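Which chain is which? They are A, B and C, in the order written, and residues in each are numbered from 1.
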Amino acid sequence: MSEKLLNIEDLVLRFYTYEGIVEALDGVNLDIRRGETLGLVGETGCGKTVTGLSTMVLVPPPGRIEGGRILLNKNDTVVDLLSKDEAFLSDVRGADISMAFQDPRSALDPVCTVRAHISEVFLRHRKQELVERVLSRPLSRLEREVYEMMSKNPDSLVLKVVSRIPLLNRYKHKLQDEVNNEVMRMLKEMQIPDADRVADMYPHELSGGMAQRVVLAMALACSPELLIADEPTTNLDVTIQLQILNLIRELKRKFGSTVEYITHDLGVIAEICDRVAVMYAGNVVEVADVMEAFKNPLHPYTRALLESIPRPGREFKSIEGTVPSLIDPPKGCRFHTRCSYAMEICTKEKPPLKEVAKGHYVQCFLY
Amino acid sequence: MEVRSKLAEYRVRLQPTVRELKLVGTRIRSSRLSILGAAIIVFYIALALLGPWIAPAGRPSQGGDPYMIPKFGILVTPQPPGSIVHGNYALFGTTAWQYDIYYGCVWGTRSAFRVGLLVVIPSLLVGLVLGMIAGYYGGYLDELFMRLTDVIMAFPSLILDMALIVVLVPLGVQRLDAVMLAFVLVGWTNYARVIRGEVLRTKNEDYVEAAKSIGCSDLRVIAKHILPNSIYPVLIMASLDIGTTVLGVAALTFIGLGAPEGYADWGQLIAYSRNFIFGKPDNPFGYWYTFIIPGLFISFFTLGWNLLGDAFRDILDPTIRRK
Amino acid sequence: MFPLLGDHKVSTLVETVALKKYYPLAGGVFRRRVGEVRAVDGVSLRILKNECFGLVGESGCGKTSYAKTIIRLLEPTSGHIYYDVPENIRREITDLEKNGGSSKLRKLRDQYDLATFRGDRLKPVRRKMQIVYQDPTRSLNPRMLVKDIVQEPLVVQRLAEGAERGRRVLEMLQDVGLTERHLYRYPHEFSGGQRQRIAIARALVTHPEFVVLDEPTSSVDVSVRAQLLDLFQKLRRELGLTYLFISHDLGVVECLADRVAVMYLGEIVEMAKTADLYKEPLHPYALALFSSIPVPDPAVRRERIELTGEVPSHFNPPPGCRFHPRCPKVMEKCRTQRPKLTDLGGGRAVACHLYHNGQPK
């Protein structure tokens, strides 16, 4: 059993909107083990995207995290991300945990080239390394002085001033060269053909698949421990989706990253995930190995979800009712209004997430 | 029977609108600036409506036209607020030639509304029609209208207004009417531009295509589908424009091209104060009341419409309403 | 040239012959025609009465353009569109065309060929052909009440007045699973699935015969999808509808369609009965396409064919067979000669040089 990389305990998230308080996450428990691909599956509104955002403490207002802990295993120490300040978190984001968003073309800044996007990641997190690399090359005396200053005293006022003076800041070119090398390396890793040309393109010139590769390049630039992929292939064609999934698999192997894959597509989950967590209305209702989850789904919602996948020759089965509004969610187990096995207790208390079989957790009073 | 069921139908139809309005009301109440804007405009409306009672007309110096400001005397020097000039009480004082500032401000409110609405509404309508046609049909019509607007907008608007006024008045058009006509002839271009942009955006929406797929005529598509969804920015512009128009007319009146002599208009009052803005050397702002008071009236009027326009924008956009 | 079906007793409701839809590209200072995007490049298909015909392909392949051209939301660049036209007339038109144009050809086309209809002539046709869009949030006017949305076709087509109209609207809403309570509400007050039902109600209220379903389930959740598919099937049975079901979700198409055609870059590359096609796709593109569908069953490990490169643009399609730059089985011939859609018997047709003689090589 490999160690836990990330552990989310009892996460509570609320959105304070005009229409009321949305209880988006109701005590979410989730853990991700090093080296695995965990699938987070659920329908629209179940909270999977905000879970991903919360992991990086990136939930926009009016959302507020109001409870729980997010424990990250960083450099062999466990830190609670929710107790850290913005400076610490800003270092974590991009370097330890990074996210690939759903719609690649809207995740990219339309006025920045591909090169600019990826460079930004490197400059934010790996500047020191890059400066060292520059210093190891032949430099003129002046340049060497500037770079030494960058390495030892990066926040100095002198640097700030000099970097803004047009002719003097030519020294930056050396650094940019180093960064460019890294950018090209990343683009080639992403199997982007004609990387030189693509690097100077703007997001609107890229196809969906290409844009998604760029987003992945940004996310993986600093070899983060954890990659959170939020529906990266939902808007892509099926053949491009296959390319991207294969790419993610390959990259995972190469970089040794752990992947949290958020999606509503059960087919994709079956394709690339090792374990899967099913979410409904702000709760994690079932967690299991992917084989186990498909073969032997325990939670009534998971069962119903698998049943509702259209199959030829069979009748269409859907789940009764609709997803409840999270402003005044049902008491007790939130699924009880649509559950065919609902019991008295389900309307009153929320079931705990229990380990029913080895590695198989369910949140249901049936067990 | 028929009638009753129709009435019942209307009542039910109104329900979702009522729901939406309640939402709007709450939003207005929650934004202090919107309340301020609304309050200001309400105040002005009250002033305009109550005009004849709180500032009664009928003096001989007005010559039968309530829109002429009564003169309390014949001397040039303005009198401070609260003074009594030839037995007439001047609440806000008098301006040059003893025009009553109080009366001018109150009836100036009516003028302002009159001018504002009579300029903005026709500009809006003309711009709407032309802009919609240009946006919807495109092609040569679009090119034609847009080049026309380009030409008009190339001139600084106030200068163009002045030129038009100078042309229209000798043709026999009344002074203030000429001003309003000039503003309309120049101002419609802004509306046309904005609505054209909105139409271009809206006409590619799925529901417009869906309407065509069921056989809607062009007119129906424009009226029922495109118009209601593209008109909000224009309405907001219009409400902002009312304030701006009044400001513009005041500016023109100040230089003598606007309202006629003695007309109850805020700009006219300020025009009269021209020689008294810098009072005597030992009493520089001695005649402050001649321009500060009407100036405040103008400023708050414009402010009120601005705030209201902002509020409309925040409130009327159905997509962001629910935030 | 048309894939014939053995069973001629079933009549054709919609047929397109060499239908093309090109979008002109304007460029340069004077906005001259620089080139064209060949969205639909010569598609000949027959859709039979009461069948559900599936059209699959990836985004940008032209399937939506094709569907919208059939129902004349778009104007075709060339080709014929026949709606409920008897076979002998269609054949006559084809013959007349082969033997040189004549006034008789023009007269027949004016009368029967939908491609020549303009303006008001299309209005009665619109009653019989309808479309349901992918995204119900965008296909419903946000400022109209549900009642107005659903009754608009009746109003525009002058099919019913007053109480009769109200009755039909209510009946339609109930058919799609909504109630009277929903009449006086705005679309944004509903969930995605419900909005799609409203869109369906609007499409069916005039009792059309032919309905284009343009990715109707792509924007809704998995659990709601099944409900909508169920509804589609039920309505087809009850109202005797014919569907053109467009989707990039191959799983959904498999459940609903009788026959399926695969489109690539504006052309049909393969067509067959659903079961046949899914079991054994012949065209290399179809093969790759079907193999890349993720199956919701981790136990199934399928051989997946990964295609290289991106989908090329319609603007400058490759010469010869359009798929040849990405085809794993490309031959010399493919680079220069465009394969024609050939009938292989049993309801199957392929456009690929591998199968040119009616037999796989």
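Heads up, the rule we're going with is that a contact is a pair of C-beta atoms (placed from the backbone, for glycine too) under 8 Å apart; a residue touches a chain by one contact, two chains touch by 3 or more.
Every value quoted in this text rests on a predicted model; they were computed, and no experiment measured them.
Each step here moves to a touching chain, and the least such steps from chain A to chain C number 1. Each chain gets a centre from the mean of its Cα atoms; the one farthest from the centre of chain C is B. Chain A and chain C have Cα centroids separated by 37 Å.
Centres computed as Cα averages put chain B at a distance of 52 Å from chain C. Contact with two or more other chains is made by residues 322 of chain B. The set of chain A residues touching two or more other chains is empty.
For chain C in complex with chain A, the touching residues are 58-59, 191-193, 221-227, 229-230, 233, 248, 250-252, 254-255, 274-275, 278, 288-289, 292-300, 304, 306-307, 309-311. Those residues of chain C that touch chain B in the shared complex are 71, 73, 122-123, 126-127, 130-131, 133, 135, 138-145, 152-153, 156-157, 183-186, 188-189, 199, 202, 206. By the touch criterion given at the top, residues 12-13, 15-16, 20, 205-207, 209-217, 220, 224-225, 228-229, 318-319, 322 of chain B touch chain C in their complex. Those residues of chain A whose C-beta lies close enough to touch chain C in the complex are 43-44, 193, 207-210, 237-243, 245-246, 264-271, 290-291, 294-295, 304-306, 308-312, 315-319, 322-323.
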